[in-house]
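The same subunit A turns up in both complexes below, where it pairs with subunit B and then with subunit C.
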Partner chain A sequence: MSIAEQPPTTETPELKIVKDATCTFCGCVCDDMELTVEDNHITKAKNACVLGKAWFFNHHIEDRPEATIDGQPVTYEAAFDKAAEILFNSKNPLTYGMSDSTSEAQRVAVAITDWIGGNLDTTTSVCHGPSGMAFQGVGEVTCSLGEIKNRADFLIFWGGNPAESHPRHFTRYSLMPKGEFIPKGRKGRTAVLIDVRKTKSAKAANEFLQIKPRSDFELAWAMRALAKGLKIDPKIEEKTGISLETLTDLMDRMKKAKFGVILFGMGLTMTRGKHINTEAVLSLARDMNRHTRWNARALRGHGNVSGADNVVTWSTGYPFGVNLGRGYPRFNPGEFTSSDVLAREEADAALIIASDPMSNFSQPAREHLAKIPSVVLDPKLSDTARTATVAFTTATYGINTPGTVYRMDDVPIPLRPAFESPYKSDYEILKEIERRIRAKQLGV
Partner chain B sequence: MTLTCITNGILQDPANDIDGEVRNVWIEDGRVVNAPTDPGRRADKTIDATGMVVMPGGVDMHCHIAGPKVNVARKMMPDDKRTAEPVRRTALTRSGTTGSVPSTFATGYLYAGLGYTTAFDAAIPPLLARHAHEELEDTPIIDKGFYVLMGNNHYLMKQLQENEPERLKSYVGWLLNSTKGFTAKLVNPGGVEVWKSSGGNATSLDSTIDHFDITPRQIINGVATAVDELGLPHPVHIHANNLGVPGNYNTTLDTMNALEGHRGHITHIQFHSYGGDPDDQSTFCSKVPDLVEYVESHPNITVDVGQVMFGNTTSMTGDGPLGYFLHKVMGRKWFSGDTEMETGCGIVPITYKNKSLVHAIQWAIGLEWYLLMQDPWRIAMSTDHPNGSSFRAYPEIIALLMSRDRRREMLARVPGGLKERTTLADLDREYTLNEIAIITRASPARMLGLKNKGHLGIGADADVTIYQPNEDYQRMFELPRYVIRRGEIVVEDGEIRSNAEGRLLHVAPKYDDGAIDNIREWFEKNYTIQFRNYPVDENTLHEREVIGS
Partner chain C sequence: MMSDIFVLIPGRTSRQGTALNEGKYTDTYKEEITTLLMNAEDMQRLDLETGDRVRMWNEQAEVVVTCKADKGESPPGVLFISYGDISSQLMGGDTHGSGMPTSKGLDVQLAKAE
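After this line comes the complex of A and B, so read on.
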């Protein structure tokens, strides 16, 4: 059962080059990778950034059983049966994770949750959930990353540090590239970084505005007022650390820009104020369209978190925090979001896909998750996989499996796997579980 | 193979000149077949349609049901769904939400529930085609496809600027093959590019488009020519410039003239039939009679209506500047999303009120189109779902067309000023069942070039809707007795009996692939994805059928 027990391949390992492969490590979803594969290892990853290289090079097939039940190695078949039984017999199951999986697999996970009437939630509820809610409040004026590349002459990075979190964002999409109407590239753009601390991204920007912690909302609101031509109390400096003079000058230049973009990160969405911060920034970008073109865009983290939002939305009408227990979708973040369902000890089983809540949820949520039967799909032996009732070892999306991934700007990108894994993909495993649950439900 | 017979129904099959005759319809292998010649051969399955009306399945040629902007609207508006009756999961079928923008599974079931078996999404950005395909695969039962947004495409505009019509044509062919789309769609040609680059718009067919030094007129003519030369089953599908603006009927006339005899479909023409002064709302009025006269005398042109009905809905469009305009008028939340090299997008919630004279005029203008067009083969029913209203309003619209009295009741509840501004109150025409069958299935199928849809002749897809006659036409069309798709009963008395996948309908025109190097060079300079990752791989698609050629 263990892969190591299989006879070794005798063929000489061939050198394979995979062009136009995709890195799914961050929301940039760069699809220009040129991977060199030797003996089921990626030995070169041309065009990848440091994070991407780490993602590709650290990927090797681990010597792990294909599945375990209560920690004991079993066959996939046995694990499918057990997983289906757990989920079929549960009364209030929870499906969580999904953002590091293909949209094809996400669709099956949603189907299973629909058939068994569970809670459906993704990692959005712990990262950009507040932006989702702000969006529901005020809407959004936004554009694809290529619009930024081709037109943006004014960039504001707010509460994000792409130099470290999305290393190729600057070079590929926003700051550096020569674009259709920005022939001079970097020289044709002004970049301002707004953050509470001076991150690595500050070096790349023309200006850095260090704001006081927890003053994002006040700052955005003041800028909205300035955009409307209203008078602002100079005390704004006490609150935000930014003088009225600096702000007024910034606003003048924002109005003179041809095409501006505010790119915001979790420094905005996960600090005090959360969704009202984002509402303020989305409103600011929207209001600026009275003067010239402005857009806003969230810097999303995980590879396919945008895909998860999309799939859950088209299937249920809502992006995350959905409950299907009454036979139809209901939406209530704070009630049906995973950490809440777990912390209230309501879930009686869990299906966790390519995510590790045991390493980042609150203690009460973790304690409850450890207590209930769970089915976990992960390429690695994560903390969550370790406590699982049924744990599946999976092939890694993008490296071993084909499928579709949505970039942070919702552009869907196909995956070109580099080499085959002995393990099954999320999609294949979830399909088997779904088939068994359906057979039980339909009595066939 | 199972042989099915629908017996003794009153057949309405206008494409085959059958108007209300009692006939049997034989079905085998998903298609309509001849009655067996062997008198001993009996049907394996009989559906007794005695006393019932039998029609081909409905065809919606213009709606917004899948893809990026539809999904953004779903995300943006949980409020729209809270009070709307959800679609419950059954042993066979998935659950969903409704409101003005239903979830994908709900969309398939709701269309089927109304007797519709085919629908086309009208506006997909090529870069995001993959997303549309994923959603369409999750839209059960109905056959479906989409139109590809091209009216503000940079490569295409560049070819017009450089006067390279052959390259333009090859590009249209390449793009349709790459996206697995159905035809070229123009949305506010040129105007969206002006919005994207400067926040403005193109206000006439001769406005100059920033950076490209061409005009909307050239875009319309160039793409219409290419589509005709590629021999696509459906012509260029045009959302004209100046949508919603008083006085825009002149732009609409200009648009039809710009075709210079090429085939063209003018969509949601209701929104483009306005008289009056753009700066003076009080002069707003209908110009339908002028436009009908033009359309009737130009056989190269077909239209669908884009009927407005009163209530809450969502405006969603590839027309970015229109989204901004509506946001300013309504003061409500607004989504705008621009896609590199290709298009824009605007979404705004909207409420059409019967107490508003402007909204009432829009409502009346839609009805005028149906009632003034003498030739029903050149007009198709649509609400531009969800823009004018949901597709779920079709039964109510049918009832309004079939009953003058019902229209009068509605007219009594709208502002009196309507009478001087539209001809609706003077129109006595009542649609017959045969004419309803034309505008809801036979004519859209014919306009789309779908030879196996919209009729029940030998060889047609066995998509059939069976209605129980009722004096209340709305009721009759809301609740078909049976809906059959490819020979399988998918709906019975409002119950969904199938979770079938439905089929993707797309074109695959031949084009000069010598043009690809030039496309590739331009592509690699400007896009943010790899050229090889742009085309949709057909192996990732669900069941599909190539239409035409």
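After this line comes the complex of A and C, so read on.
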């Protein structure tokens, strides 16, 4: 039954306060929300930033069919059967998305992909996938956001703009808060922003180093050399836009910090060089530990993208870009990652969970995705849902459904939903699809 | 007709983030992802004013967007647009063995739309 067909309720709207709710819009996963819920609408979201408020105020129950096949409304049951049939009959399917879903649902998506021998990939491959490759190459000296809050006296934000993408990062975790060993809060910390553009984050930092486009690797490598006490050619300024004098001064102060952190964004991973850029920055953080404590941490975008990395890693041994076609996991970014299996026209079906590749993948990838049968789960209508063979309207994670998400520092956080949705959760839908696929696979 | 080569940096903005929650089919979201922020000096050199339509292209695609003078964020030669459908059209399918298409720092040509 379509949600619109359900009889109207005559009950008086109840007012509910949900304390310690969790915002899942960005990787900060702030779990100190106080939500006021009136008649299945969130009307107040205390402590939420501008993005969090937009998230809570705009995810109400939309009047859409619970599921569609080729655009026509159908029941959940019919859609489960069709979805299972598509995925079971495919030879080289792709599972993609997952970063705006609970870890419980992510786990079922992994199981489905295992049953059908598909490519398992998440939005990580088009955000910090290169960082995932770099971790494997050079390791990661890192810390939690709690340690940053309590200890960090020197922060370098590199290729990221938290003021706009993670608004409470500064206030809750990194720059402003008073911590156990940083009793003065903001005054007890030095913050440097390294970026090509003088973004809104520059105002919050003590210093802004405006580097030339595509020179992050060279800058990080020069800093590594300085950290090791090697001589640097002053021509570094021609390449990076930053003078040797500025760099030397920065390095001197970095060495004197008690607890330094480099927080890096997609300015590194999405630009030419990709994992090599991140490797350089991770190596710099590692090298600095010869002098004092330094760490590096990626600024992660989607609410549970870190959960996707965790779940895929603990299930398969690798974080993204995994192929399960041979019955055991194989990891190869560039081969089994979504952009590639689609742009090279290799995938013959797709399961897309809470993501919109039809509006943010490359044109060749989008063209192929539009041609193959796909099963799409999304609380909102998107270009990907519009082109889906089977599209499910889902409950919104965190607002309507409980579960677990991982903050950007890999700390798991429980969700406290605000109100119930008439739609099923990703977990419930994926479980039904998995049950059918397993029955087909086992011939029962 | 005058055209120039620029480095395009697609990225997130808070307006894009809030509009995204309202819906990808809202006017605010569409406006946000089709507005190109440019350095004022570059605009002057190309005889452009805020609100002018410009063509932007590379070997992948050609798009038409509205340009707007930025507040000094980008140095000359660098363009900024909110990450979305338009910026993704200019992205190539090749990921150079990384899984990640080059999505920031794209070389593009730009000229006033006739």
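Here is the rule we use: the second predicted complex is superposed on the first by the 444 of 444 C-alpha atoms of A that agree within 3 Å, B and C clash if a C-alpha of one lies under 4 Å from a C-alpha of the other, contacts with A are read in each partner's own complex, and residues count from 1 in each chain.
What we mean here is this: a contact is a pair of C-beta atoms (placed from the backbone, for glycine too) under 8 Å apart; a residue touches a chain by one contact, two chains touch by 3 or more.
Note that the coordinates shown come from a computational prediction; the quantities given were computed from them, not determined experimentally.
Touch criterion met: A:Trp314 reaches subunit B, while subunit C stays clear of it. Legend: residue contacts after superposition of the two complexes on their common chain; A:Lys380 is shown touching subunit C, with no touch to subunit B. By the touch criterion stated above, A:Ser339 is placed in contact with subunit C alone, subunit B being left untouched. Using the contact criterion defined above for the overlaid structures, shared-chain residue A:Ile182 touches neither subunit B nor subunit C, since it reaches no partner.
In the superposition on chain A, contact is made by A:Thr199 with subunit C only, not with subunit B.
Look at A:Ser103: by the touch rule set out above, it reaches subunit B but stays clear of subunit C. No residue of subunit A lies in contact with both subunit B in one complex and subunit C in the other. Those residues of subunit B that touch subunit A in the complex are listed here as 66, 68, 70-71, 74-79, 81, 86-89, 91, 94-97, 99, 101-106, 127-128, 130-131, 134-135, 138, 154, 196-199, 211, 324, 327, 333-341, 347-348, 525-530, 532-533, 537, 540. For subunit A in complex with subunit B, the touching residues are 19-20, 22, 31-32, 103, 107, 111, 114-115, 117, 132, 135-147, 149-151, 172-173, 179-181, 258-259, 286, 289, 292-293, 295, 309-311, 313-319, 324, 327-329, 331, 404, 406, 410-414, 441-442.
By the touch rule above, subunit C contacts subunit A in their complex via residues 7, 9, 11-14, 17-25, 60-61, 72-75, 78, 80, 83-85, 88-89, 91-105. Of all residues in subunit A, those touching subunit C in their complex are 25-26, 50-51, 53-55, 57-59, 121, 125-126, 129-130, 133, 161, 163-165, 167, 196-200, 210, 213-214, 266-267, 269-272, 274-275, 301, 320-321, 333-334, 337-340, 343-344, 356, 359-366, 380-383.
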